[in-house]
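Two complexes come next, and they have one chain in common, subunit A, joined by subunit B in the first and subunit C in the second.
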Partner chain A sequence: MFAHNFRYTLKYLLKNRMLIFWTYAFPVILGLLFYLAFSNIEKDEKLQVIPIALVKEEAGQAAGQGENPAGEILEETVKSLSKENDPDRLFDMEYVTESKAKKLLDQDKIRGYLLLGKEPQVVVRENGTEQTIFQQVISQILQQARLSQAVTDSPAMQKALSGISSPEEARERAEKVLEGLKQENPNIQDRSGDHLGYTVIEYYTLIAMACLYSATIGMYAVNSMLANMSRKGMRISVSPAGKGRLIFSGVCASYVVQLLGLGILFAFLVFGLKVDFGRQILPVLFLALTGSFCGLCVGIAVGALVKASENTKIGVIISVTMLGCFLSGMMGITMKYLVDKNIPLLNRINPAAMITDGFYALYYYDTLNRYWLNIGSLLLFSLLMILLSVWSLKRQTYKSL
Partner chain B sequence: MLILKTYFQVLKKYSGVVILFTAILLGFACFNFKTKDNAVGFSASRPDIYVFGEEEETGLSALLRDYLEEYANIRKPVLKDGGSGGDPQEDEAVEDALFYRDVAMIIRIPEGFGSDFLDGKRPALAVRSTKDAEASYVEMQLERFLETAGTLQQAGYSEKELIKRAREILWETVPATAAGSMDSEALSGATFYYNFANYSLLAGCVYAIAMILSSFRGKQIHRRTVVSGMNYRILNRRLLLANSLFTLLLWGLYVLISMVLIKDVMFTKHGLCYMANSFVFACCALSVGFLIGNLVPGKEALSGVINVVALGSSFLCGAFVPVQWLPEGVLKAAHLLPSYWFIQNNELIRKMETVDAASIKPLLINGAVILLFAALFVALTNLLERNSRRRRA
Partner chain C sequence: MITHLFRGQRRYLERGKRMKKIIEVENLTKTYQELKAVDNLSFFVEEGEILGLLGPNGSGKSTTINCLLSLLHYDRGRIRIFGQDMTPDAYEIKKQIGVVFQDVAVFEELTVRDNIDYFCGLYIKEKALRKQYVQEAVELTGLEEFVKFYPKQLSGGLLRRLNIACGIAHRPRLIFLDEPTVAVDPQSRNSILDGIRVLRERGATVVYTTHYMEEVEQLCDRIIILDRGKIIAEGTNEELKELTGIEEKVTVELKKIEDRQVEAIRGLEHVKEVTRSRNLLTIIYGEGTNNFGKLLAFLEQESVRYDKIYSERPTLNDVFLELTGKELRD
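Entry: the complex of A and B
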C-alpha cells in the first residue's frame, strides 16, 4: 500500500503544472533576478574614484588676486591624487570656472568642487560619504602644512638650532633634523574576515523560500486525501486503507518532489551563479533538508487546519512564505538584521529567518552553535505543525459525503 | 451598481493579499526611516563604529577616542550575552553589526597604547571593517591620526604638548557648504518609499484586478452574463470604473501612509510631484492588471505571473536596490518596463532643487512614457478581448 500510494502521489504531484512552477521554476527565476540586481552592490559600496572640480578663481575675482599660499600645495596634491593610472587614485579632477562647476554639481556629474580663493572652500550639493571624504582630504592637505610648522617649532629642532647664527648652517641642521624623522607608517592590523559579502543573504532567503514552498506540495498531498476536498479524498476516506500509512507515503513522495526542486535550485546557484555557501557542504545540505521538512509540515498543517478551497490554501501559503522571506531579508538585505535587533521574537518564530540565519551562521561564523540552534528551532517548529495537523485530522468527521 | 457591488464583494476575498503588500511596504518604510533632524546645509558623514579599549583611557588613548568621536559615531554595542564574560568583540551582536553594515569598523585600542606610543613604539591598532567607502573613510582618519601623533612624538614633544599640538592640527577642517537648499535626507527617504511602492502598487493592483477579472470572466459567469440582458460594453465600462476606483483607493492609501511617515516632504511641491508621479504609475498598473487578467487563463497561473511581473520589474528597475548600483546592461533592458520611468522620475524629484517649468519638463516626459505604456497595454487588452469574443462567437 505504501509503495502504491507513494508512486501515485509522485505522479500526481509531478503532473501539477502550478506546483512545478512554484517549486522548480519560480525560485530559479528569482535567483536570476537577484543576480542581475545585486551583482554590482559589493563592488559599488567600495570607495570609488570621486569626480570633483577645481575652481582657481572665485566669481568676480581676477586671477592672482588674493591667492592663498597654501593654494598651490592644495592644487598640486589634488593633481597628484587624480593621476589616471595610479592604483591609489582618489579623485577624477577637472579645472572649470565656478559657474561651470555649479552646473556640473547640479547635473550630479561631480560630487563637489574646491574653490581655491583666499580661503579654500569645498562646495558640495548634498551630504554623503564621498563628499565628506573630499572635504577631509582637502583638510588633511592643509593639516600637513600645520604639521610641518609644528616640526619646525619642535624641541628637537630648537635644540639642533641653538647657538647657531649662520643661516646656512641653520638650514643644514634643520634639514638633518627633518631627515632624521622616520617616515610614519601607521600600524593598523586589518583582521577582517574573508566572508563579508552580504548579498549572499539574498540567496539564502531564496533557499528559505524554496524550502517553505514545499508547503504547497505537502498541502496538495494532504488535500488529495481529505474527503471534503476531492473525489479521490472521498474514496480514500471510505476505503479500509490505513490513513496514517497513506498520509506518510504521501508526505514521503512530496519530500522527494521537493528535494528534486531544491537540487535544481542548488545546482543553479552553485554552478550557475557561483554563490558562496562557505566551506561546510554537509551542514549546508542538512539545513536545506531540515528546512524542506519544516516547509512540508507547514503545508500539511495548512491543508489540515484551514477550512477553505485549494486556491485559498495556496494563497495562505504563498502569502505567509513571502512575508516570512521579506522579514528575513529577501527584499532588503538589512531587514533581517533590523528585525533581529528590534523585534527578535518575530524572527524566532519565522522559519524563513531560521533557515536564512542557519546559512548565515555557516558562512560567517567559525563555530556551529548558532547553526545548531536554528536546526533545533526548525525541528521544534516542524513538530508543532505535525502535532497541530494530527490533532486536526483526528477530529475530522463528515456528516455526509 | 450591481456590478460595482459584486466587484467589491469579490475584492473582499482577495483583500488579504493586498493588505499583505501594504504591510510589506509599511514594514519596510518603518524599519528604514530613522528620525533625523532637518539636514539642510552640509553635515559630514559620521560612520558608526565600535571602539574597544582600556576602561579608563588617558593621554594619547583618550585623544584617539576624542578624535574618532569627532569624525564618527562611537556606539556602544548591546551585547547578546549581556556582557557577562568572554571578549565583547566576539559577541554575536558585534559580529552581526559588522556583517550587516550597521557599523563600518571595529577598532581595538591595545592596553598601554598611549605610553608605548610615546616611548617610540608603534603598537598596532587591530581593526575589522566592512571594506566599504565608510570603512575607508574611518581608516583614512586613523592613519592621519597615527601619522600626526608619530611625527610629533619624533619631533620631541612631551605628552601634554603633543596632545595640544595634535588637537590644533587634527581638528582643523576646510569649511564646506552645501549648494542644495533642500533637506536631502528627507528627500532620499521619500524617494526610497516611493521606489519601494512600485512593488506594492504594481503587485497589489495587478493581483486584485486580474483575480477579479478572472472571476467575472469565468466560464459559468460569462455564460450567464451573455444570456442576460446586460450589454458587454456596459459590463466592461462598469468593470473599468470599479477597477479605477480600487486603484484610486490603493494609491490614496499609499499616499496617506507617506504623508504620515514623511510629512516634511509630502506637504511641499516635491511631495506633490511624488504624488502625481505615483498616480500616473497607478494608472499604468491598472492597465497591466487588465492585460494580465485577460491574457492569463486560470487563477492558479495568475498568481505566478503576477509575482514574476511585480518582483521582476521591481528588482530590475531599482525599487529594492538603489538605481546607481544596478549593472548598466540591466538598466538598459529596464527601459522596456514602465517601472523604470516611474523610478527615474522619483530619482529626478529627489535631485530637483526647485520645482519650476524647466525642472519638471523631464518629469513630464517620463510621465508621458508611462502613459504610453498604459495606452499600449490597453490596446493589447482590447485586441485580445476582440479576438477572444470572435472565437467564442
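Entry: the complex of A and C
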C-alpha cells in the first residue's frame, strides 16, 4: 500500500503544473532576480584605491614610536593595505612631511593623511565615501591594535607566555590561550577560511522561503485524502486503506517532490549563479532538509485541522508563511531583532524564525550550538504538528459533506 | 394510501426475514442543525438484489448513503453491513464495498488506466490480479480506446464511465451507485445500465439512487421512495404501482371536445380522475375491465373528434408524483 500510494502521489504531484511552478520554478526565478539585483549592488560598491599620505612626526619618530606599539601596528597595517599589485589593495599611500601632506590635500591629490604620533590622527578636508572609509579603517585598525596590546600586556598572557623556550612552544601556548578565549566568548572567531559574501545571507532567506513552500504540497497531499475536501477523498475514505498509512506515504512522496525542488534551487545557486556558501554547505543543506520537513508538517496540520475549502487553506498557509517570514526578518533583519527583544516567545514558535535563525547562526557564530538548537526546535515543532494532525484525522467522520 | 403502505411494508418485512440481509439499517437519524435530513429510517437490502433509492432533491438519499459508508456522523441508529456494525475503521467491510459517487472523483493528472489502477490498488495488493481486474473494468465500461487519455480529454459520458470503473474495478460484493447517469447521452446511459446488470449477474448487490424513473423500472428489483428523510413507500415496481390505486391511464389527443362531454366522461364507471391540458385529455381508471373499449364507444356515440388515443398501465413516475406531490422542490 505504501509503495502504491507513494508512486501515484509522486506521479500526480509531479504532473500538477501549478504546484511545479511554485515549488520548482518560482524560487529559481526569485534567485535569478536576487542575483541580478545584488550583482549590481556589489558592482556599485566596488571600491577604487584611495590615495592617502602618511606623516611621521619629527619628535615621535625618535622617541614616541618606541612607546607606542599601536602606532607601529597601524603603520604596518596601512603599508600592507597599500601594496602594489595586491588585488585587495585599499590605499595608495606615500610618506610625506606634514606640510607636503597639507599641500597634497589642498590640491585634492589625496583624500586625507594619517598623522602618526602618540595619538595618531586622521586629517581629511571634506566629507565623502572615500574619506569616511579612510577614517573608519584607521579607527578599526587602532582599536584592534589596542585590544591586542591589552591582551599581550594582561597578567594572564604574561603568565601564559612565561618560561617559553622555543618558537614552537610559544605557538602552542598561544593557540591554547586563543581556544580558551573562544570558549569564554563565542563572538571571537576566526573567519579567515570563509569567503561568505554579503549577498549569501539573502540567498539563505530564499532557501528558507522555499523550505516553507513545502506546506502547500503537504496540505495538497492531505486534502486529497479527506472526504470533506474532495470527491477523491470520499472515494479514498470509503476504501479499506488506512488513512494513516495513506497520509504517511503521501507525505513521503511530497517530501521527495520538495527535495527535488530544493536540489534544483541549490544546483542553480551553486552552479548557475556561482553562489559560494563557503564551508557551510553541508549544515545549510541539513537545515534546508529539516526546514522543508517542518514546512510539510505545517501543511499537513493546516490540511487536517482547518475545516475550510482548499482555497481557504492555501490562503491560510500563504498568510501564516508570509507573516512568519516577516516576523523572522526575511524582509529586513530589524524585525527579527525587534521580535526577539519584545516578544521572544513568538520567534520560538515560528518555524520561519527557526529556519532563518539557524542560517544566521551559521553565518555569525563559529560554534554550532545555536544551529542545533534551531534544528531541535524545528523537529519538535514538526512532531507537534504531526501529533495534532493524527489526532484530528483518526476515526474521522463528518457532520456534513 | 396509508393502508396500502402498511400492507406493502408488511410484505417486505416478511420477505426480509427469509432472505440474507447485506445491509440492515435501524432507526437511522441524521440532523443538520434544525433540519432532519434522515428521520428514523429503517430498511434492509437483500443479497443479490438491486435496490432503488428514489426521492426528490433533498429527500435524504445521498445523506443516507454517506451515513451507510461511515462518511457522515449520524445522531442515532444502527447500521450493519454483512452482519457487522459499520464504523469508519471497519476495513474488512470496506474491502467488499464499491462506491460510485454522484460527482466524478478522479485525478486529473493521471490517465484513465492509472486512475482505475490507483483506486483498485487501495483494495487489491497483488499486482497481477489488479492488472486483470483493471482490464476487466476497462472492458466493462467500454473504455478500451481511452486508457491513455487524461480525464480532461474525455467527454461527459466517458468521464462517468471512468468514474464507475474506478468504483467497481476491485469486484466489490456491495456497490453503491449515486446517480451515475446524470448528464450522459442515451448511448452512454444504456452502456452504464448494461454494465450494472453484468455486475449483478456476477453476484454483486447494488444500491442505486437516481431521478430517472425508467432506469429504476428497468433495473431495480425493489424500490424505496424517500421524502423529507422518511420512507414513504417501498416494494417492487408492481407493488408500488398498486399503491397508486391506478388501474389504467388513457390519453386522448383531441381535435375538439365540449365541456359537457368532459363532464360526462368524469361520470363514466370506474373513472377516478380526468385532467385536460390543451389538446390532451387524460382519464385515470381506478379499477374495472374493458375501460378502454367503453371509452371508445362513448367517444363514438358523442362524435368527439380526436387524432390519437392510447392506453397505458401506471408508470413509476405516476407513483412517484402521487406519493411525493407535484409541487416544485429545490
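The rule is short, and it goes like this: the second predicted complex is superposed on the first by the 226 of 401 C-alpha atoms of A that agree within 3 Å, B and C clash if a C-alpha of one lies under 4 Å from a C-alpha of the other, contacts with A are read in each partner's own complex, and residues count from 1 in each chain.
In this section, a contact is a pair of C-beta atoms (placed from the backbone, for glycine too) under 8 Å apart; a residue touches a chain by one contact, two chains touch by 3 or more.
Everything numeric here is computed off the predicted structure, so don't read it as measured data.
Engineer: Contacts for A:Tyr364 in the overlay, against subunit B (first) and subunit C (second): which applies, first, second, both or neither?
Structural biologist: In the superposition, A:Tyr364 contacts subunit B only.
Engineer: Using the superposition on chain A described above, determine whether A:Thr132 touches subunit B (first), subunit C (second), both, or neither.
Structural biologist: The answer is first: A:Thr132 touches subunit B but not subunit C.
Engineer: For A:Gln140, select first, second, both or neither according to whether it touches subunit B, subunit C, the two together, or no partner.
Structural biologist: In the superposition, A:Gln140 touches subunit B alone.
Engineer: A:Ala150 in the overlay: touching subunit B, subunit C, both, or neither? Say first, second, both or neither.
Structural biologist: Only subunit B is touched by A:Ala150; subunit C is not.
Engineer: Looking at the overlay, does A:Ser237 come into contact with subunit B only (first), subunit C only (second), both, or neither?
Structural biologist: second
Engineer: If you look only at subunit C, which of its residues touch subunit A in the complex?
Structural biologist: Within the complex, subunit C touches subunit A at residues 32, 66, 69-73, 87-89, 91-92, 94-95, 97, 99, 101, 103-107, 109-110, 114, 118-119, 121-123, 125, 166-167.
Engineer: Which positions of subunit B touch subunit A when the two form their complex?
Structural biologist: 16-17, 20, 23-24, 27-28, 31-32, 39, 42-45, 47, 71, 92, 95-102, 122-134, 136-137, 139-144, 146-148, 150-152, 154-158, 165, 168-170, 172-180, 184-185, 196, 199, 299-301, 303-304, 307-308, 311-312, 315-316, 320-321, 324-327, 330, 351, 353
Engineer: Give the list of subunit A residues in touch with subunit B in this complex.
Structural biologist: 17-18, 21-22, 26, 29-30, 33-34, 36-41, 44-48, 102, 105-106, 108, 112, 119-133, 135-140, 142-143, 146-147, 150-151, 154-157, 159, 180-182, 184-193, 196, 198, 311, 314-315, 318-319, 322-323, 326-327, 331-342, 360, 364-365, 370
Engineer: Considering only the defined contacts, which subunit A positions touch subunit C in the complex?
Structural biologist: 1, 4-5, 8, 11-13, 15-16, 224, 227, 230-232, 234-242, 395-401
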